[in-house]
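One chain, chain A, links the two complexes that follow: it is found with chain B in the first and with chain C in the second.
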Partner chain A sequence: MKTEVLMIGAGTSGLCAAVRLAEAGVKVIVIATGAGSLGLAPATLDILGYAPELVLDPMGALPAFVSEHPEHPYALVGLERLRSAVAWFQATAAELGYQGGLERNRLLSTALGGLRPSALLPDSMTAGAMASGRRVLIASIRGFRDFYPQLVAENLASSEMGVDASWVELDWSGDATDLVPTRLWRQLREPAVRHQLASMLRPSMDGVEAVGLPAILGRTESQAVRHDLEEQLGRPVFEIPTLPPSLPGLRLFDLLRGALRRAGGRLILGSTAAEFRADGRRVLAVRASEENRHDEYEAGAFVLATGGMGAGGIEVDASRQAREPVFDLPLSGVPGEAEDWVDTEYFREQPFDRAGVRVDGSMRPVDAAGEAIFDNLFVVGAELAGAEPWREKSGEGISLVTALRAAEAILEEGR
Partner chain B sequence: MSELGLAAPGSVRASLDQCVKCTICESACPVMEVTDLFLGPKTLGPQAERFRTGDRSPDHSVDYCSSCGICTRVCPQGVRIAEINSQARAQLKVDQGSRFRDQLLARPDVMGRMARPVAPVFNWAMGSPVLRAAGQRVLGIHRSAPVPQATSRTFEYRLRRRPRRAAGQRIVFFYGCSTNYFEPRLGEMTIAVLEHNGFQVEVPRQGCCGLPLQSNGLYPAAREYVRRLTAQLSEGGLAGLDVVATSTSCGLMLKREAIEILGVEDRPVRELAARTYDLFEFLRDRHERGELRTDFVGVPLTVAYHAACQQQNQQIGKPALDILSLVPGLKVVELDRSCCGTAGTYGTKAEKYDIAMRVGAPLFADIQEARPDLVLCEGETCRWQISHATGLPTAHPVEILYKAYGGR
Partner chain C sequence: MTELPETQLLVIGGGSTGAGVAWDAARRGLHVTLVDRGDLATGTTGRFHGLLHSGGRYAVKDPGSARECAGENVILRRIAAGCIEDTGGLFVTTPADDPGYADRFLAGAAVAGMPVEEIPVAEALRREPLLNPRISRAIAVQDGSIDCWKTVWACVRGARAYGAQILPYHEVLSIRLEQGAVVGASLRDNVAGAVVEIRAQCILNAAGPWTGRIAKMAGCALGVIPGKGVMVAMNHRLVNTVINRCNMPGDGDIIVPAHTVCVIGTTDVPVDDPDQIAPTAAEVAKMMAAGEVLVPGFSRARALRAWAGARPLIPKGAAPAGEVRDTREVTRSHSVVKHAGVDGVEHFITITGGKFTTFRLMAEDAVDAVCADLKVSARCSTAEAPLPDSEDQRFFSLGSHQKEMEEHVGDDPLICECELVTRGALRSAASGRPGQQLDDLRRSLRLGMGPCQGGFCSFRAAGLLHHEGYYDRSQTNDALAAFVEERWRGQRMVLWGQQLRQYRLDSWIFQGILDLEHLPA
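And now, the complex of A and B:
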């Protein structure tokens, strides 16, 4: 197959870069092993949550942060680009109503009742921004195994912020044999089911400012589902992201996939990039392995967005040899064989956290001397070295801004 | 399995160890979306498979899997979920025995041969509400399920009367049962399009690929069918030639499923897999090399295109759209729904017809909204299902290309 740009990976960075390019009129094919990481993601846009102390004003904290971390992807692309990337995302994902901005982090409840800072939220979560003394009701359905409202409420109440959280578990089973989220979100499409749930919630509504539910409020008609519940309860309703599958993440996946299709791009799932062919500093083609078949994609430019160690973008074998499996790119930040790979204290910085591919300012992977290895290969997202998104709470910000930077570099080249 | 009961490395069964229970497959499964009778691809695949010891199947719900294959395609971990479930269903059929209906639906070649000499009677019977109601009671074939029109002039029959180009690069045309017995014009148009592009089209006598047998869990017969077809498409000087398929699901059987699901490891089957192409995949390759003729006349139609599940499972993108975008005057609406529901013979069964119609409902709604003159799809049973549900005419996309080359 021939295309102008081959995108490898269908997570946040792969899809955002592909949409950006396709909307600029570039012919893009996205290949990915599967439907990508968005189905596992809460779909908030985290920019910077800890540095290492809690950050409440990301834009205020970022100048010092990037000067302390010159290898960080944010430092490579520059903060102005972060601002325009966020604006692009808000416009592209307008249907999901992302609220917020770079000046203020909101604190959201996790599915365990922990507090988590994030800069932009889909509108299904905005009423869930926590504050001292805020009176929220956390509710769920008995038998739904991915969410325990008592645990969430008690943890919120005992947090430093002291949220005034109560909880209720509804005895409702509908006609589902098993309360898995896929079945629940199907059931909630039915107005009668929503009516039932609202009546069961009403007795617990005294003095409550907002109602938090696990994120099961409809895949396609989510706004209508939520607004209906809000109307019946007379209060704002917010979603709390659950264990996978994450419905907010799937909504974002559906949205970006649709935008890509409308812009003429192609998404090919079930296709894993395996090896490449190059002529000097130009990558000519990537071969994808399917069962019993091999397909070759020829393109003018290639973007690697396959994620980090968690997603298989970096493979580590049993003898702790790490490699990037498609282009065999050099990795930086990988602990040596004799060094410790893990710190037994889970929440401390892990020695392998910053491992990844080093790139230049336009996202081209570089060698030890800092020279670009290929002229038409770009690496974006969680594959990059120099960040620890888990601890920084910076994953989506990095994915988004590096994806758009690579797209920009490809467009400049084409001009 | 080995003596210890361990799955062979690299086997379909061994892939279940890659499952991290992310449930992406269940959020994409179109059957689970509409019914509680199917417990879901993860639950029945990588989870239940651990309890299958080879001689008993611990559940019956796996019979409600439609074999659309979407679960495998969306799995970020590379678990062969649909393949695990297909094999589990075959074991279930061994345990329980197979209904006569499934034996019948699984053999379109036998059905086609029986219908051909009495085509007018067959077509009348299929249109008779009384007989169809009886068919549902006695056989379990849903009274409303779409049945194609049989023809007394099969593709094979027409082929004998058709003068053919005897020069140019030789390729083999795998036309499939549906073309032979129900849609012979599709075969004629395909030959015309290929000959117009300078090919010498070899059309050996050929039988069924065994896909319906496979999806009905009848593996031993399916293996026999696919081996016989492999010989027909390879012998008599055809070995090594490219093979093009118009039926996208039957093409996938040759490309992959015979090896991966049925476990047929013979060298001829592997060689055939490597040289088999979906028709438009083949034409797009030619176009990318500048070898496809583009002497098109305008085709002033609005068409909606649905990529069948088995077409999307080939990882070739949407080559029909790439080629049809070259046709002047044609307006193409790209549909973006996963499945029409019927999945081969699934939707014709009395107990599954409603499920299939519910699975396809979002697709049918999008088609109605697009108000096309014609709906295009490379899957024949998908076409019949779409026509049945929307009342709109359907065609294989090669029909548009045939028109664009001036064919009538």
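And now, the complex of A and C:
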């Protein structure tokens, strides 16, 4: 198959780069082994939450952060690109109503009732931004095993912030097999079911400003579901992300996939990039396998968005040899000896956490001397070296800015 | 100062030996109190590979031990069937093994009265398709896979039924002596934090690799050498039979199927402190290489967890600790030490050495010594008495739990999908013993012991236990963090391949989604 850009990976970074390119008129094909990471993540746009202390003003904290971490993707892309990246995302995902900004992190309740900082929230979560003195009701359906409203409420109430949180469990009928997220959200599409839930919630509404539910308010029609509940209760309703599958994440996946399709791009799932062909510093094609067949994709530019160690984008064998399996790109941050990979304690930074592919400011992978290895290969997202997104709370931010930087570099090349 | 009721026999150590002693002594009519500083079976017993010995390992080197194992193997199959999976075992000669050893093995087995049967290699490979196809000989033995927690808990339940007091989380702080005789001990209740006293007519030291430490409290010297052994659990049952190298005993020469995993072990290195025994990367690499000899491709399979246990070894003739380099040279038989004769301290007896498979016999010998000390005339009856839940003498089989669970799937949801732990099972385990740590529940339910290593189920279990009132808010937060740290200890040395991906997914869950590190105090 021939195309202009081949995107390898359908996570946040792969899809954002693909949509940006497709909307600029570039022919894009996205191939991915799985369905990307979006179904696992809460789908808030986290820019910087901990550095390592809590960050309340990302824009204010970032300059010091990037000077402390010159290898971090934010340092390579440059902070001046952050604003336009966020603006692009808000416009592209307008249907999901992302609100917020780089000046102030919102503090959202987690499924344990802790407070997690995030810069931009979809509108299904904006009413859940916690502040001193807020009075919220945390509710769930009895037996739903991925959410415990009493624990959430008690932890919220114990936070330094002083949130007045109450809780309720609804005795909604249906046996244990019904109470999985994918079935629950389908049930919630029925007006009669929403009506029943609202009437069960109403007795607990006194003095409550907003109602928090686990993130089960639908994959499709989620806004309609939420607005209907809000109308019936007379209060804003907000979602709290919990264990995967993440419905907010899947909504974002659906949105980006739809945007890609409308712009003329293609998404091929179940296809694993395995080998490449190059001529000097130009990659010519990538070979991918799909069940029992192979396909070769020829393109003018290639983007590797394969997600790092957690997603198979970097493979590590029993002797701790790490390898980027498609292009065999050099990796940085990989400890030499197996003993040196890990700390004794879990909650500390682990020596291998920042391992990944090193790139230059245009997202091209570089060799030990800092020279780009190929002219038309770019690496984005969690595959990159230099960051600890799950600890910094910077995952989507890194994916977004590096994806757009690579897309711009490709567009510049084209001109 | 709280005083517990006076007891005839205070047993220090809640592993297989201590639990077996409590069971035996209680049946003989003694009033028994069992204490352990932590949950039961968290010492050596909870850290080995789960082998029910046929005796094969000792057939050449130590026929006395082989005979002992073979005899106890038959008894345990009779009294603890519900704890045992009847996997059978094979001793196989690989290209790396001494080809002459197999004949010496067969000869030794005959002397030891150990049932063996040489089978054609083709038959061995048919039974175990992943075995090294280049093996030259295969001998079938009566090895099995035994669940150490089930066994220990069955013993203490049985002991309780005869009036024994079982006190986990009660740590011995000091042993009280009056005129050269042991009269009792001071214990710290590690859950409530209080110190309590107990008077005892006799104290049995069954503290495994810590027996030396306990003996010192009574002013006795005991040359116990803790021997560190590393194990690695693989994510799949690569074999369904216990597989042994048919060679002189060495490192990593056995693979034991255990529930949904298989375990390779082990090493044998003397250490000073049985509490400081984390596996090193080199030790894990050694196990993976050893596995490769028996099952080609082993080192590319998914490793789930690596840990270490410390065996208690007492050299006959009591060589001082630190002088022995390879503890495999030290005898494996057990020792009953009557400190009245050896150290002049009355009513204090130590039982140490031995192995899991002979725990019942160790207990019998120990309780015989206790009865002599207390001038009680009572015979051991444990060889004939089925343990609780093994009365029907049916072996444990892996599929039986699933079948039972499928019948109730509608009304009892799964909390842990990897190990099929239901909400109901979690509830009854929690209500059975108040004040437990999540990790204690892990041991009784296998919660978090599957491929996800707690990624999904630890959150669910913590939430449920809080919901049901077993933990308050801050206990829940702490329990979850402690559980995650504990799972980390086992994973940190096997972070490669699919387990590395699992770990990274779990860190997205615990840190990214749940932000577990930043909960209110």
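As a convention for this text, the second predicted complex is superposed on the first by the 409 of 415 C-alpha atoms of A that agree within 3 Å, B and C clash if a C-alpha of one lies under 4 Å from a C-alpha of the other, contacts with A are read in each partner's own complex, and residues count from 1 in each chain.
Criterion: contacts are C-beta pairs under 8 Å (C-beta built on N, C-alpha and C of every residue); 3 or more make two chains touch, one makes a residue touch a chain.
Fair warning: this is a prediction, and the values are worked out from it, not measured in the lab.
Participant: In the three-chain superposition, say which chain, chain B or chain C, touches more residues of chain A.
Facilitator: C
Participant: Between chain B (first) and chain C (second), which, if any, makes contact with A:212: first, second, both or neither?
Facilitator: After superposition on chain A, A:212 lies in contact with neither partner.
Participant: Between chain B and chain C, whom does A:295 touch in the aligned arrangement: first, second, both, or neither?
Facilitator: Only chain B; A:295 stays clear of chain C.
Participant: Touch test for A:269: chain B only (first), chain C only (second), both, or neither?
Facilitator: A:269 sits against chain B, while chain C stays out of touch.
Participant: In the overlay, answer first, second, both or neither for which of chain B and chain C A:311 touches.
Facilitator: both
Participant: Kindly classify A:244 by the partners it touches after superposition: chain B alone (first), chain C alone (second), both, or neither?
Facilitator: both
Participant: Scan A:159 for contacts with chain B and chain C and give back first, second, both or neither.
Facilitator: Touch status of A:159: second partner only.
Participant: With the two complexes superposed on chain A, say which partner A:339 touches: chain B (first), chain C (second), both, or neither.
Facilitator: second
Participant: Touch test for A:40: chain B only (first), chain C only (second), both, or neither?
Facilitator: Both partners.
Participant: Looking at A:58, would you say it contacts chain B, chain C, both, or neither? Reply first, second, both or neither.
Facilitator: After superposition on chain A, A:58 lies in contact with neither partner.
Participant: Where on chain A do the contacts from chain B and from chain C line up?
Facilitator: 40, 175-177, 244, 311
Participant: Show me the residue ranges of chain A that touch chain B in the complex, using the header's touch definition.
Facilitator: 1-2, 29, 31-37, 39-40, 175-178, 180-183, 186, 219, 244-245, 250, 257-258, 261, 266, 268-272, 288, 290-293, 295, 311
Participant: Which bits of chain C are touching chain A when the two form their complex?
Facilitator: It comes out as residues 278, 280-282, 284-285, 288, 299-300, 303, 409-413, 415, 423, 456, 459-460, 462-464, 466-467, 473-474, 476-477, 480-481, 484-485, 488, 492-493, 495-497, 500-501, 504-505, 507-509, 511-521.
Participant: Please give the residue numbers of chain B that touch chain A in the complex, ascending.
Facilitator: The touching residues are 21-24, 26-29, 32-34, 36, 39-40, 72-78, 255-256, 259-260, 270, 273-274, 284, 288, 312-313, 315-318, 334, 336.
Participant: Any idea which chain A residues touch chain C in the complex?
Facilitator: Those residues of chain A that touch chain C are 40-42, 50, 54, 110-116, 143, 145-148, 150-151, 154-155, 158-160, 175-177, 179, 241-244, 246, 308-312, 315-320, 337-339, 341-342, 344-347, 352, 389-391, 393, 395.
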